[in-house]
Amino acid sequence: MDLNALAFWTFSTLAVLSAIYVVFGKNIVYTVLALVSTLIMVSGLFFTLGAELVGALQILIYAVAIVVFYVLVISTVPEYKGKTVDGKYMLLSIPFGFILFLELAYVALYGAWQSATGIFDERVINEIGNSKAIGTLLFTKYLFPFEVASLILLVAMIGAIIIGRKKEDVHQEA
Amino acid sequence: MSIIEQLVTGLGVPNLSVLIPEIIVLITAFVVLFVELFSKNRTLITGITLIGLFTALISIFTISQGDITLYGLYVVDSFSLLFKLFLILSTIFIVATYRPYFESKKAYFGEFYYLTLFALLGMMIMVSSPNLVTFYIGLELMSITIYVLVGMFRPKDEKYKDLDYKSKEGAFKYLIIGGVGTAIISYAIALLYGATGTFDFSEIAKIAISEDLSVGIIGGLILLVIGLALKASAVPFHHWTPDAYEGSATPIMNLMAVTAKVATYAVILRVLVEAFPFSSDEWGFAWALLAAASMILGNFVALRQKNVKRMLAYSSIAHTGYITAALAAPTGMGFAAFIFYSLVYIFMALGALVFLTAFEKHEGWTNHLDDFKGLSKRSPLMALLMLVFMFSMLGIPPTVGFMGKLGVFLALIGSNVWWLAVVLVVMSAVSAGYYLKVVSYMYMYEPEKNLPSFKFTGAEKAILILMAFIVLFLGIYPTIFWGVSTTTSSMLISSIGG
Amino acid sequence: MSIPYEYYIVLSGLLMVLGLIGIIVRKNIITVLISTELMLNSVNIAFVAFDMKLHDVAGQIFVFFILTIAAAEAAVGLGLIVAIYRLKKDVDVEKLTELKL
Amino acid sequence: MTFEFEPASFPWLTISILLPLIAAAILFFLDKKWAKPISIVVSAIVFAISTWMLFAYDYSSYKIQFYEKYVWIPQFGVSYEVGVDALSLTMYWLTALSFLISFIWSTNIKKRVKEYFIAFLVLEAACIGVFVAWDLVFFYIFWEAMLIPMFLIIGVWGYAERIYAATKFFIYTFFGSLFLLLGVVGLYVYQYFHYGKLSTSYFDLINLNLPFNLEIIFFLLLALGFAIKVPMWPFHTWLPAAHVQAPTAGSVILAAVLLKMGTYGFVRFSVPWFPEASKYFMPVMFTLGVIAIIYTAMMAIAQTHIKRVIAYSSVSHMGFVTLGTFALNMEGMNGAIITMISHGLTSAALFLAAGWIYERAHSYEMKDLGGMARYVPVFATFFMISVMASVGLPGLSGFVGEFLALLGTFKQSILFAALAGSALVLGAAYTLRLYHNTMFVEDEIDEEKKHKWRQLKDLTASEFLAFFPLIVLMFIIGIYPKWWIDLINNTSAAILSKVLGG
Amino acid sequence: MENLNYLWIIPFSPLIASIIIGIFGFKFLKEPLSGIVAVIGVAISAVAAVIGFLHVHEHGGHYDLKLFTWMPLGDYNITVSLLWDPLSALMSCVVTVISTFIFIFATGYMRGEPGYPRFFAYLSLFVFMMLMLTLSDNLVQLFFGWEGVGLVSYLLIGYYHNKRSAVNAAFESFIVNRVGDWSFLIGVLLAFVVFGTLDYLDIFAKLPEAGYWTITAIALLLFGGAVGKSAQIPLHIWLPNAMEGPTPVSALIHAATMVAAGVYMVARLMPIFASSSVALDTVLYIGTASAFVAATIGLVQNDIKRIIAYSTMSQLGYMFAAEGLGRFIDGMFHLTSHATFKALLFLAAGSVLIGVHHILNIWKMGQLRKYMPITAATFLVGALSLAGIPPFAGFFSKDPIIEAAYHINWVVWLFLWIGAGLTAFYIFRLYFLVFEDGDHLDPHIKKHVHESPWNMTMPLIVLAAATTVLGFFREFFFEYLRPVLDPRAMPDSYAPEATKKLMEEGLSRAEHVHIPEDAIEFLIESLTSPLGILTLLTALAGIFAAYLIYQKQVISYKWLGETFRPLYNLFYNRWYFDHFYYAVFVRGYLKLSKFLWYVGDKLIIDGIVDGSGKLAVWTGHKLALTQTGRISAYVLQMLIAMAIFLGLFLLIK
């Protein structure tokens, strides 16, 4: 078993375990931490795969920025008292989830995935580096979606502000 | 020359002339955003928005030559222009009803205007996508904006506190289920990407050929269909629809149920036809199942609703069924029927919902059926218009609803999908149960509640009269619309593999 | 490479399903929202794995967009949660059932 | 089958469809006092046109006359296509007459007068359209459009359970119509695939050589739509409900015109389009027809509500039309058409009578009535003549059609004709019972009522004006049916040409 | 043949009178002008009929006047036309002449009635209808008249429509008649299908083409109509109840003319009936049974008009029996004489009723001869005629039937013979109770009883005179009717050779019977032959028995009633026909209808219809349960749907 495989199994096992805690865990703060753990494990997988930029972003945006949001919200919302998991929904969701997983796994394993049709083979990546390749493409071909994505963030920001703000701010006619 | 340079030089400059409508909408949105920051003049904001939309509307006619631009990520063709035209048009009508409604509920926010414009922009991007990335990003811009729009309905008055809460609940449900949908669509895109190595529709089309469809493509296609069904609120992925619709402010429901929905229909057609033209057996059957389920559930559940708003939400689910049923017949006729029905759906749904918007302004109006009692006496013109919309949604000639269903019938029977046609027939008959209820409450009961006398703004009246006129006119003379739909559908087909 | 890329896809599917199950079984709406993050995130693995297999970077760019959207959704969702909490003083998913039938 | 056309020198038919619509639109903006005069004038003009056409129609050969055709939706090959043959013409004329009479009769509508007349005018246009349209989509549009005003007429101006009745009427007939649409679309598609022709014209769709199994399917689809409209047993239950609840003029139109649409459909479409299937289903249709005749006669006699009796009697009479139509011979077809006309007259008259009684006595229940005859002799006489025409007394219109229909049936099946003949007895039983319990046995009513009856005014001028033409026509048809038979003979032959020829 | 076109006056003169009275009667003519118009109308018709009658007598042959085509039926045209031949001429004369007198009587009888013009409008209309029936040359016009007289009969029975009993009787008469008409109409249809024509003469010509059983079927179906119209068993129950109508109506419609229409029809279609022995037998047995049953019922009735009504039914039975025996001319002769004396009896009864203010029960009358001598005398003439006492018409027309029956079928004879005795008994029972001793009259009424005015007595006298002399025209009748009712004397234009052969075969049953046609000869023969004496003695015995029981009261009728209690009950309850019919066809039908309405229409059919509506709403409620409001449930459903959906498509692949 080479290092790569070891990394995969480690990261993936940990990711799944933390994900399971995210789904079933009791303590909400730990849940968020488990999410962070999952995200970090996933980013570890990215690194294993050689996608350093995405891996880094994953940790930066996700594991830090977004999780901070959550922590903030959790801190404003007093600790949740009820049961964390609803048993009667587990009854159906787990078997069917399992079936769906089997189906997805079947698709994943038997899908005739294309390989090596792109231009960024190892030689190219080695030459210019993953980050540069992504950056170039992102700011040329995918510039338009990127701009739209910024719009999305703008909208989300405005939305979060409007929805989250206190009542008194409803403005009057000038 | 490095690879990067090779990449960049091949791209060229974007052809901005075909993007004028989008640019105008975007600029208007930002103008409103900034004006809203400094001025609270509501007339000004409404005015700017409407002027911007009108300009965008007119600018569509300036585009005589379509193009694929933005490095192949954006397509402007007759299909997208047609839908953009109607999306902008319907947005104009919806925006025109914002102010009186929100003022009456004391929930006015300038943000509604530019968020609506952002949503519109998302839809416009969506219908112009030749590529899964554009499609995805447009869809998400629209979705996320609408989550916000639904959730930001916050009447100042204490007596509307439940509306406030309901809007939050609706928005949250929509957000979660929409998020699931987004995840499913992302996953589908991932699978398709893995199976074809590209995001472009035309490239995917070359690989996704029916005879040897790989498991990966099937999985991706079906997940994509599921995701789209979720966004278009087809049963069994419809659950957010009634709740989000009911929770949102009625003009926002209008935006969701009419504009966003039609944009979703358009994108469904575009994705499936352009990306999977040769696997229509699969998605045709998938949509047949979804359509049947939508018709059945939508109509049956609508039958028990007492709240007209919620009834219309279920009715919109049923209409998703009627419209997507045309996809079960993946032929030129089916697509034409799909386009036609999508377009005319705008008018009847808009009419019915603007009607609700106009009435909901009044104190004590709860959209309950009882409020409709004796409406024909208290407001004869409005009742008559609503009657037209109801019969149109029911599909009775000489309203355009009939023409829509006729097209679907033709398509289905032409493709030998008799069973779905029969389901459609039976469910149409079932739907009579609730549409007629509205009419009979308006016309056949005496007024029960003493609501204050109704006042309507000129815009509301004008919109309703216009919509009713269009519904009747197209019902009697659908020729032009059919012509447009048929041409568009044939152009859509001809672009396959091109 | 000893680990086939398919394994990554399977892993992504597993995380996806876990996220789904999370949405279903969780009673706290914050964790429901967290589960959607999990779902969205799982797709990233697939994209990156496919990218590596295809020798392309478009998938990784897509991951950017997914990240953006996840962030946006989280922002809006958390805003909603705060608003709901303010109105209801509760974050139990069972209390979130005024709109039904 | 090839058709000959005689284009209209002037668009009379278009005008008769548009005139009521225009009048309705104008009325919308006028004061309600104009409603009745305008409606009467408009319907009188339409009636005049139709009567003129009745005489101008050249019945010496089978030609579609007063024919107009304009392209409408070229994408589907739909066109605006109107014209008449004798069947259309008589139905059109009957429609025009019924509406004129309804308008003249509707004097004491108090509620929403303007809307009432608007609804009727729209209904008139739709009904005329159904009978003169030759393009299937066009036909279907009228066929369905007619539901809207009728729904409102029953629902708004009806009696206590009007909403239930109106909804039931609407959904039931709508349900059937959709299957009709399915059938029509199916035929259209078949035509497209096998002949490469995009057309919804009657004249194209009639020439499809369908395989037998498809004929059966399409026949059934269309028949469901028509059977509900007729209504045939067992699809009849909407009719009593609708009739009982509808206002008088609504009942008149319902009975005189709307019911004819179903039978018109059978005659116009089912028989010539599906000759083999018609033959195949003849026993079934006969059975249903005979059940309709006998069973609904029994239903009618079990009723105490006078309108319900008349409603059931309509179903019973429609049984004769069914028999005549599916006898698939000239006598039967002529009989079916004449019965349609005659039933239009008699049922209209009977409903007018019922309405008249209600307006005076404020009840439709037999137990509240009785003993009026002495005080209102003219009405009693008219009512009696209508009753007698309804029970098929020779010399009045009812007999002609029933005789021919029975003769046609007899040629196909003695048993069914013999059973159908029982209507002679059963029909007389319930109709006379109706008459007796409303008009006779004065001794059994109390003084108070007698006093009330004594105050009764006989038919007023407008009521007389509405009633009298019906009575005269009953006599005209009954005494000199030759004219009518000559009129429709070639049309019947044309309708049957495929059945008899093939 | 010279021009007989004036014949159209015969039916249309009463029609015009009827229309005039109908339109102007209430406002302008009123009483008595309406009556006068009616009398004039029918009198003109009578004069024309008699002229035409004499014309036929002189020239013979038949004359077919086609008025207009009623309806084209493929190659055949149903026409409205007048067929003037001896048979129709005779019937027209009977109808119009007797009508004239009854009309005159009615102007007196109906005095002061509120619906006076209406009455005469109906009555004139009746004459028109009856003449349409009589003069028709085809089955459809016959049916028109047939139904038309039924309608007028219905209207007139229900003339006193304020009375429930009258209305019910009218209803009953119409319905029962319609049962007959049902059969008749089917017969007409069958005839058309078989022969392709409905004109009598064409049918007669084509008769040999049809098979025996076809002809039998046609004959029987048509006879079904006659059974209804002529009140024969089993469709007889309406006739006694029809007496609810005014007495002139009973005289005209329910005694003299309309009820005889069945007899006329059978004679009219003699070639059809004669071609089938089964049909003739049926006619014979039904006639005989009716004759006997009606006579027995007549024995014990107490209503003056009902007794005469049963006697009418009984006499019609004799006529049918005569026709069934193959002696059609006898039947028609009896029809004529019966029309005369039965009209007389009814009118006399009407006169009595006017005198006693409409008391119908014979047990409440008595000694009326003192007050109403003319009425009593004329009634006596009628009664004697009915009983078959020479020299009155009834003797010459009824006794030959009984004698002929003896030669052809002794069972029939037995019943007819007993019937004759019973007839004599019950009519004299009536006579004695009403006019002679048996003083039960209410003293209040007694004060006012007086003879009727001239316009009522005059018809009585004329009819009595006619009754007295008519019998002696027996031979004239035979000679007159022979060309249409005797195949051997028929002209070829009436029935071709082959048809004649068929008829002769059928009529062979009567060939060996020789009864003198000359009245005097017949009188002598019947007074000398044992059979004739037996018949006559029977009648006399009946009269004598009535005298003993009801005049002298030597034998107590109460004792008789007690002794023969079951028989009495049977007769008194009209052999339970009415009970049976009421139970089965009236109440049973009504109950079944109501049951069907509740179960069939409301429960099952409407249950399915409304049930599907309710089911839809129920489904809606159930399906709405999926919308629980909780996100978990929504996503769970989506998860399940996804799993199934994806699985489905992966499996398909």
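General observations
As written, the chains take the letters A, B, C, D and E, and residue 1 is the first residue of each chain.
What we mean here is this: a contact is a pair of C-beta atoms (placed from the backbone, for glycine too) under 8 Å apart; a residue touches a chain by one contact, two chains touch by 3 or more.
Computed from a prediction, not measured in an experiment: that's the story for all the values here.
Chains touching both chain C and chain D: B, E. Contact with both chain C and chain E is made by A, B. The fewest steps needed to get from chain A to chain C, moving only between touching chains, is 1.
Compare each chain's C-alpha centroid with the centroid of every protein C-alpha atom shown, and the nearest one belongs to D. In this assembly, A is the chain whose CA centroid lies farthest from the centroid of chain E.
Chain pair with the highest count of contacting C-beta pairs: A-C. The distance from the centre of chain B to the centre of chain E, with each centre set as the mean of the Cα atoms, comes to 79 Å. One inter-chain figure worth recording: chain B and chain C are separated by 26 Å, centre to centre, where each centre is the mean of the chain's CA atoms. Mean C-alpha position of chain A lies 70 Å from that of chain D.
Taking each chain's centre as the average of its CA atoms, chain B and chain D sit 43 Å apart.
Among the residues of chain B, those in touch with two or more other chains are 133, 136-137, 140, 144, 147-148, 151, 168, 171-173, 176, 180, 191, 194, 197-198, 215, 218-219, 242-243, 304, 433.
Shared interface positions of chain D, defined as residues touching 2 or more other chains, are 171.
Along chain E, residues 613, 624, 627, 629, 631-633, 635-636, 639, 642, 646, 650 each make contact with two or more other chains.
The complete set of chain-chain contacts reads A-B, A-C, A-E, B-C, B-D, B-E, C-E, D-E. Contact residues on chain B toward chain C in their complex (touch as defined above): 133, 136-137, 140, 144, 147-148, 151, 161-162, 164-166, 168-173, 175-176, 179-180, 182-183, 186-187, 189-191, 193-194, 197-199, 242-243, 246-247, 304. Of all the residues in chain E, the ones that touch chain A in their complex are 632-633, 636, 639-640, 642-643, 646-647, 650. Those residues of chain D that touch chain E in the shared complex are 168, 171-172, 234, 236-238, 295, 298-299, 301-303, 330-331, 371, 373-374, 377, 381, 388, 393-395, 399-400, 403-404, 406-407, 410-411, 414, 417-418, 421-422, 424-425, 428-429, 432-433, 436, 439-444, 479-482, 485-486, 489. Residues of chain D that touch chain B in their complex: 72-76, 112, 115, 137, 140-142, 144-145, 147-148, 151-152, 155-156, 162-163, 166-167, 170-171, 174-175, 178-179, 181-182, 185-186, 188-189, 192-193.
Contact residues on chain B toward chain D in their complex (touch as defined above): 336, 376-377, 380, 387, 391, 394, 396-398, 402, 406, 409-410, 413-414, 421-422, 425-426, 428-429, 432-433, 436-437, 439-440, 443-445, 477-479, 482-483, 486.
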